[in-house]
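Alright, structures below, take your time with them.
Here come two complexes built around chain A, the first alongside chain B, the second alongside chain C.
Presenting the complex of A and B:
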């Protein structure tokens, strides 16, 4: 159960002029499911990397402010110390897969072996992760023989097996078929129910609206808003920040239908259905 | 009119594990989306269309000619494929060199290649990035470089493998505009996609792949009405259609604008 505290985080990549992150301050409670949205280049992936310490410890560059995971200040520890507490699933599974393992099973075992997890414990964790991501049937396949979607689920499984307290996912479902993507959201939501903090970058706005407790809206490296999906998608300035509200919100807004007793428009299929069914 | 006829197409990577099991289709100038579960054989299918893989049985005829009798280099003039992962496609040190490479390989002069490359880069929104190393760009922009590289070749067929990966709303709108422009030029546009709303808004026809065959094939509206079959293929309806279905409407709408117009007209 880890808490994240970010104070005025600023960061600029080496040899660039503009800040990739510009004065981000926020607190994230243990077990929260946080969606991160924003146009391409808004700082979403950089923000993710600042939580696991790749920013600034791997990429270097100019860094200001503080990121705390509980009482650990991220910049003061090595990435390998932090990665048992914070797991990160990359946007592109090719960037994550070791390339040195012959089977999916061994690939998932890799991280655990590096941390000397006892054999029986390791087996259990791998089996659970294979099951959770529905890839047990590919356990003996070569990682690079998998389709893009299967490989992404293997990448997620290899992180989940590490039992992190925080899991950061950078567009983990972009290569998955619709149901595969829904399964990942459900699996990640289960982790969040268990008390694992989830930070998930996504362009699938309907899904992020349905699953997130709170949503961060980033633009130009700044945190424009950090609030519930209902508050975020009721904003009038979304287009200025390069994002669009969920289909259900847009439909209800165009029809002037707010959730009764609130200033919000529905953000999910269920909410829109209830409201429209009464009409 | 350009056509691709697929006759009894079989393919397997390993003996005994058939990925495509006797596919029969004709693809014409209606824009075609290929949808289906991960591992259904979609990418394998488009690699066969491009000639990168050869059928284990059956034929692919482009405008009546069997493509298996042509080399990949010859086919490159007619059929362009934008890879799912731009890193598999991009290898030059600058964006401009990358986009000029294809046109020069199919016989364009350096000046002509530069002209078409600059036009294609403008089309994908990357004007001004000519001298940058593609690997210094983010994934979404690198994907746009890979699109420009194929668009610049002016092939009769343009195949996209999951073009919307990593794209934000504006990026998707841009890709949609590129696809519509290619259709206007009477090119065959084929795309593998996992974004059902994008399919509903952009394509004329959808083919659902499942277990190595075409499970459903028709105009997008008729395909997306088949909720139960879609679910078996690990797909789902576009969001607006899901809402219509939940509400028990007989009429199914593919996008929010049509739904709202219908509601307003019937209030």
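Presenting the complex of A and C:
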């Protein structure tokens, strides 16, 4: 499983003056579920794209520092060389459909065909991905006939079929209804259980608090904090960085209810429920 | 959102022919009549295409295509029949206007050529899976990008149409008139088309990135999910078409220099 090491990462888009990423340094261990939060324009998407080499190899621009996936320095390899190790899922499910395949099954095969994966291996990987993402029943449907949530799960399946060790999801639920969002979160949780490193940008703070091992808080391209959800949501300066704590945390904070034996307020529904039930 | 893909698998004889064989049918249908300079051969190809499409149970799918092109052809016939330079022989006198034989013959020539092209393309497009067309092109050394552009177009047009409709609704809700006289529609055109084009650029960029992270530019040799089980008749048909096409070109050259 791959380890991510980031050393003083700085990046500026072409024809802009502001740094989109400004001196980010951190390590991500294999198998971790990392949530990335921050206000709009804080550098979350740029950070994600730096992990697969789209920044700087696709966008160009001024780049400094280093990003390593194991011992591979990301800027030195092309995206197509890295994408079997690091997969990426984007916000808009419609724009991830290739538009050249007639069924979900064929759509998932697209990436595998590009890498010359033998047919039998390809079929096995597609079947596994369909099963894992719980979309096997849609295998013969046209990709554009799926709902937003189903289509996003198909996009994740297309990436998972390529057997990446790391998957980066950039606000994958932002255009989905609550049910579609729930489907995607459940699917991502399964990937994490499988040992895949998950890096997920998300504004649904309650969800990200529940699923993440650690959370990165970005603001103005800088890494403000990188810690457990409990530590992050205990911060007093969250509002200054354009973030609010989960509603359960805020309620328990107002009531002065801390998780027993700790200085933290609950960050998940379960934790809050237990505390409120005892009360 | 429905795809515009015209393909239908009817397990027919044409479904079983290789995309290469059907692509060569298009070449033959265009080149042979042009070389021999005989409209009867074009009509022969039209009849053959109609028979093949009927046998493949997809002839009804040609109707929308014919409806669009039919409108253009009728316009051509009217204009040429009435106004073509060199019109002399009146065949239909309608009082203030008259249709001329010379113009109508010229328009009929155009119509035959257009119909021949449409039916020949239908033989390929209506009976061949888009991915088979790409795979066939890639295996013959074409860039996958060309194949991708060709095939994805059919699926992405509905997406743009839907976006256009959303933008039209958004502009209407802000008080812009989009229906009425030609002048009103022309005024509405730029505020409607600008966001469509801009958002299409953004979508295209996002889709390009999404393709990039799925190895679209990979230098590896591609593999294909589907195995195409070609009809045994594909090869002989391909050779017959090739020989007939080459023979027509040779005949034309001989006639030119004889």
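Methods note: the second predicted complex is superposed on the first by the 272 of 279 C-alpha atoms of A that agree within 3 Å, B and C clash if a C-alpha of one lies under 4 Å from a C-alpha of the other, contacts with A are read in each partner's own complex, and residues count from 1 in each chain.
In this section, a contact is a pair of C-beta atoms (placed from the backbone, for glycine too) under 8 Å apart; a residue touches a chain by one contact, two chains touch by 3 or more.
It should be emphasised that the depicted structure is a prediction, and the values quoted were computed from it without experimental measurement.
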Could you look at A:150 and tell me whether it touches chain B, chain C, both or neither (first, second, both, neither)?
first
Look at A:58 in the shared chain and tell me whether it touches chain B only, chain C only, both, or neither; answer first, second, both or neither.
second
Quick one: is A:94 in contact with chain B, with chain C, with both, or with neither? Answer first, second, both or neither.
both
A:136 in the overlay: touching chain B, chain C, both, or neither? Say first, second, both or neither.
neither
So, does A:181 touch the first partner chain B, the second partner chain C, both, or neither?
first
If you stack the two complexes on chain A, which partner ends up touching A:118: first (chain B), second (chain C), both, or neither?
second
For A:259, is the partner it touches chain B (first), chain C (second), both, or none of the two (neither)?
neither
Which partner does A:225 contact after superposing on A: first (chain B), second (chain C), both, neither?
neither
Between chain B (first) and chain C (second), which, if any, makes contact with A:246: first, second, both or neither?
first
Give me the intersection of chain A's contacts with chain B and its contacts with chain C, in residue numbers.
92, 94
Contact set on chain A toward chain C in their complex:
52, 54, 58, 78-80, 83-84, 87-88, 90, 92, 94-102, 105-106, 109-119, 122-123, 126, 142, 144-145, 155, 158-159, 162
List the residues on chain A that touch chain B in their complex, please.
38-41, 45, 91-92, 94, 146-150, 171, 174-182, 203, 206, 242-244, 246-248, 250-251, 254-255, 269, 272-273, 276-277
Contacting residues of chain C [partner chain A, same complex]
1-3, 5, 7, 129-131, 134, 147-148, 151-152, 155-156, 158-159, 203, 206-207, 209-227
Help me check something: in the complex, which residues belonging to chain B touch chain A?
35-39, 43, 84-85, 87, 138-141, 162, 165-171, 194, 196-197, 231, 234-236, 239-240, 242-243, 246-247, 256, 259-260, 263-264
